[in-house]
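First subunit A sits with subunit B, and in the next complex the same chain sits with subunit C.
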Partner chain A sequence: MSLRKYLDNIKPTFEKGGKLHAFRSVFDGLETFLYVPNTTSVSGTNIHDAIDSKRIMSFVVIALLPALLFGMYNIGYQNFAAAGKLAEASFWNMFMFGFLAVLPKLIVSYVVGLGIEFAWAQWKGEEIQEGYLVSGIIIPMIVPVSCPLWMLALACAFSVVFVKEIFGGTGMNIFNVAVAARMFLFFSYSSAMTGDRVWVATNSIFGLGNTLPDTFTAATPLGQLATGSMPDTSLADMIIGFIPGSIGETSVIAIAIGAVILLWTGIASWKTMGSVFAGGIVMAVLFHALGMTPIQWYEHIVLGGFCFGAVFMATDPVTSARTETGKYYYGFFIGALAVIVRVMNPGFPEGMMLAIFFGNMIAPLIDYCVVQCNISRRAKRVTNEK
Partner chain B sequence: MSLFSKQNKEAFINPLNLDNPILVQVLGICSALAVTSQLKPAIVMGLAVTIITAFSNVIIASIRKTIPMRIRIIVQLVVVAALVTIVSQILKAVAYDVSVQLSVYVGLIITNCILMGRLEAFAMMNKPWPSFLDGVGNGLGYALILVIVGAFRELLGRGSLLGFQLIPQSVYDAGYMNNGMMTMPAMALILVGCVIWVHRAYFYKEK
Partner chain C sequence: MANVIKLRKGLDINLRGRADKGTVEPVKSADCALVPESFGGVVPKVVVREGDSVRAGDALFVDKKHPEVKFASPVSGTVEAIVRGDRRKVLCVKVKADEVQQYVAFGPKDVASLDGEAVKQALLEAGLFGYIQQLPYAVATTPDTTPKAIFVSAFRDMPLASDFEVELKGYEKDFQTGLTALSKIQKTYLGVGVRQTASALVDAKDVEINVFDGKCPAGNVGVQVNHVSPVNKGEVVWTVDPAAVIFIGRLFNTGKVDLRRVIAVAGSEVKTPSYVETLVGTSLGAVLEGRLKATEHVRIINGNPLTGRKSTLEDYVGAHTSEVTAIPEGDDNNELLGWILPRVNQYSTSRSYFSWLLRKKEYDLDARVKGGERHMIMSGEYDKVLPMDIYGEYLIKAIIAEDIDKMEQLGIYEVSPEDFAVAEFVDSSKLELQKIVRNGLDMLRKENA
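On to the complex of A and B.
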């Protein structure tokens, strides 16, 4: 417990009147992140779970790691595949290249997002709510690898300030912070977020990887679909994740590992997650039967950000529907809308981001309807008994 | 009453800051979001609203005692519609490209809530001169916000101001890109929100 002792030793410097009082929020945040605070409420009866929001977020970050690590490897894989040097490249070569490509994004995302959160907490004299722990790792995972760092920084700042802090901070936001960051990037700098030039890293980093010619293009399978051609990747590649795409979204297997962790620990709701898939499958089967989409329903599910969104973003407990029945409607709406956008709007090859955003928007309405239904049903029961 | 008495000054100054139609009363938002994607139409729109508010205020104030209360809205509308038509025709004659950019929003000044609000709340019970000052003040208060939002949107969305390229090509070559969302009304709403935020924080005190 030397760390505990050390923290206790330096604690007074951060209290009011201490030398480093200006960094109180930083210290507070770190301390409660490392150790569950043992302070309890002084009034009323409260039931306290052993796990608090910071521990929940750590679990989500752990669940995201497989997808992130695979994403790094896939960046290297795509780069070497594009250069035609797949046979000579070792696993570590490819992974290190991807690691070096993603690391700056992670750092920028956390520095900007947490920086704003810490500063805000200090300014308002509040405790730090580390809601950004999860958003900070998701945001770099849902952008293309060639997304410039300044854009990422801007998007993080925008979403933390305008989507989270002005609504009252962690737990009060109506929109998912990571989705909002991607929306901002998508609508602000669409040429850097879609198309067939952004999905593969084209520059070598510290001598690792290959520099590809300027004319190099690689479309995502959904991008190919939107332009009217069939995706030329095999189903196995789609499931394992060896396709161009946003950093963390390509591998269904890595996401499935994360999903198991989330469901096993009970952090994500299986109702939301399952109904997102149900909605997507129903819609995709319907569209395929109507001849509006050339690919099968299972390809719709494994391609693009569908799995990533369903597992990590639609299940966000803050922005999803809170009533248990509402979760079914909420998830189904998101899954169905994602496929509808993909198939019916040629301007958007991928619809998961928009679907989750709209889902967040109507989640309070769903909750309201579910609660009102319940009330009127019970009221009827009472009047019938009389 | 002297020409620039304290009351008259307040009628002119207050709408610029503490009683700003957009920032405090949150009126006229729709046109403020629609026409501010560039600075030039924002300025023209602001001026048009200023002129129309000022003169419709004067006209209504001078005939306020003869207007029957039960049909006052339609009388006000006729006056405003006449002025809007004049302004719109002048715009088409002297600044055709801007009038095309503003499209329906010049005609929609008729339904601008700031205008109707000032006519109902001020011109109907005040003399022409204070009404004129009130109209100019409210119009300029509206124009001020339009110019602020328009300047930000054009600078960040197109890299220019009034059509002159301000952000040099070398910056674009270094990787900078125009923010496409700035040209959409959604971002205008966020910008107006930011202006209101700053205004509340530094100028406006809750009573």
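On to the complex of A and C.
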């Protein structure tokens, strides 16, 4: 194969002593992207399962695509709806507007994040790890459409360096990289991340879409709830996703497609995902019965980032509980906490981000308790037999 | 009715090239070599010199720390070479076989009339004691240990493994004598597979029989110990390979050290996978002569593809080798865009491939790792294929961190590297789990010595 031959030819220039050694990590990444590495096992099992982390991460990205594509469409939809021109806009008009609004964010996220990863891998002499493929697509999906690119770049850089790499890279981080990026934005630049001015794109791009007046505002349904009014959207819109919100979070249907892919391939744990929903539902039913929240439990579930967080972020295997028993507690805790924050804390209309962050924080504790049970059972066995 | 123990976790990997049970051909090689490393954890002291003549049953080397543990020569002949590696480590002791074999006469004994100590002495004297292994540490045991129980697993369920019922055919009496001999030392448990029917197994006497119904690695003796009588700190369990039980039985029935055993020659790179009868120490070159499909890009494995060692034709049948397998090496295989293409011919437990659709299909797997080594990313992968009451992932982490207390608490004394073989196969982070466990066990053995 000629491509293979070409790669073999240029390979020596990237190896130690070669002219382009400084770009070894880039070459490595490209080579393993094109071809399955044909290194064979030296010790240990002589055969291996075909699964590897590249395949796993690729499937998570595939699972995220429906939500991303719908998000693009919804950005166009919200813009045209706000301008009152919904009737004259075609599907492609709206989609292209959204596509152009989201594309720079995707590019910035990947360039900044992967750039740091490549450089880090080169510095450490390690292979490039695939984790950022997923984080890099999630981060633009959980910010408002009006989030400036420089903020996004800063957030990506912060979370890749301080949340992932200093802990040792993919698999060693304690907090979910995407959640950490959003936390960074939320607490550093809250005016750009929350309120009723950020959720709808207000400028036309290359003549597409509409420029809205400066005074335009649109709150998310949860935002309306936090200010004491009832959301004015229909349940159907909430489920299909025609509501203002972060780019990828609005459509329950698109997220459900992703959930099916993740659960079917076994990449996400149904235990974690299911118990996040269980926790959220139980809490929402309770609060509704006590009269503390005006909306029904199913509205709590379909609004905001609950579904997105439950499906794509709580199930991150690295930062979630790793024991099978622990996953039930971990998921339930996140679901319940998300609704508690929404209902009890007037400062935060949305609670999913904080819930996952705190869930990440207590996951090791949950695992510690589960593993400790096994340890004390074993210790007991000794004393019993003596 | 025997005890049936059902295990839900595990994975059977259906590889192409399973040995045909119909024929057992004899194989002989001119030279024979005993490999100390294949006994596990033995530091050898060679007691013969090049040029010495030995009979089958004479000691070639002894355990340095326990010189009473001798390792018997499989053949009679002249010591041809003592092959040493780095830092003068003894790699093997080669013996050139005589035309007519002479055996040291230990004299047949009636096992029923012996006590445990006499059995032990007879095994030590004949150089067969070193075939008995132990938990903890998964190494050859020493005579100063007092086992709380002895375990024999008569079923092998690793991919391409030999079927013990084939090995047993014709040697039923020796097998029973061997079991009786072991039961004199301590209570002996025999683990059999749910599909095994040979009466020498299911009706074996003097032992407690447990029937295991489950997927690989249910046949691992370590897994069976974990479910019947788990090893606590300070306890020792002896484990004996069923083929070694036959050696022991033969010693008492015939008075000779006769290390003939039936092994499977299997794998997709073998022309007609079948069984051969050969001696421990026979060269793999002789075993595989005329049987390989190709000479290049072939991986020869001393053992099965999961737990066996990467090997060459210059290697020898080891003390616990029950099969020799050959699979494609795969280093000449360049697969494009593996992270996204369907790759129907690849086997995977993950549903991101399609092997779940083709359950019955036999796969032809090569030796590629098929991915880069990563930190542990996915959780629960090991748990699905580790049918023991052990948190595999946490144990592995404790070993990597060299945290001895944690290793003990998490049950490292109950495991052997082979128990993690299937987990190593499915691991998407491609960590070398068996090597990690081996390191952990060696570390503790040193610490507790």
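By definition in this document, the second predicted complex is superposed on the first by the 362 of 386 C-alpha atoms of A that agree within 3 Å, B and C clash if a C-alpha of one lies under 4 Å from a C-alpha of the other, contacts with A are read in each partner's own complex, and residues count from 1 in each chain.
Simple rule for what comes next: a residue touches a chain if its C-beta (ideal position, glycine included) is under 8 Å from a C-beta of that chain, and two chains touch if they have at least 3 such contacts.
For clarity, every value in this text was computed on a predicted model and none was experimentally measured.
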Query - First, second, both or neither for A:36, with subunit B first and subunit C second - result: second
Query raised in the report: After lining up the shared chain so the two structures overlap, which partner does A:236 touch, if you call subunit B first and subunit C second: first, second, both or neither?
Result: neither
Requested in this report: Based on the superposed arrangement, let me know which partner A:150 touches: subunit B (first), subunit C (second), both, or neither?
Outcome: first
Requested in this report: Based on the superposed arrangement, let me know which partner A:190 touches: subunit B (first), subunit C (second), both, or neither?
Outcome: first
Query raised in the report: Looking at the overlay, does A:87 come into contact with subunit B only (first), subunit C only (second), both, or neither?
Result: neither
Query raised in the report: Counting only touches as set out at the top, which of subunit B and subunit C does A:290 meet: first, second, both, neither?
Result: neither
Query - Which partner reaches more residues of subunit A (counting touched residues only), subunit B or subunit C - result: C
Query raised in the report: What is the contact status of A:267 with respect to subunit B (first) and subunit C (second): first, second, both, or neither?
Result: second
Query raised in the report: Can you list the residues on subunit A that touch subunit B in the complex?
Result: 148, 150-151, 162, 184, 187-192
Report summary line: Note: in the complex, subunit A contacts subunit C through residues 1, 4, 32-59, 127, 129, 131, 168-172, 264-267, 269, 317-318, 320-324, 367, 371, 374-375, 377-379, 381-382, 385
**Report entry** subunit A-touching residues of subunit C, taken from the complex the two chains share
**Finding:** 13, 15, 159, 230, 232-233, 299, 301, 305-310, 327, 329-340, 343, 346-353, 365-380, 383, 389-391, 393-394, 409-411, 421, 424-430, 432-435
**Report entry** subunit B residues touching subunit A - in the complex, by the definition given at the top
**Finding:** 175-177, 179-182, 184, 186, 190
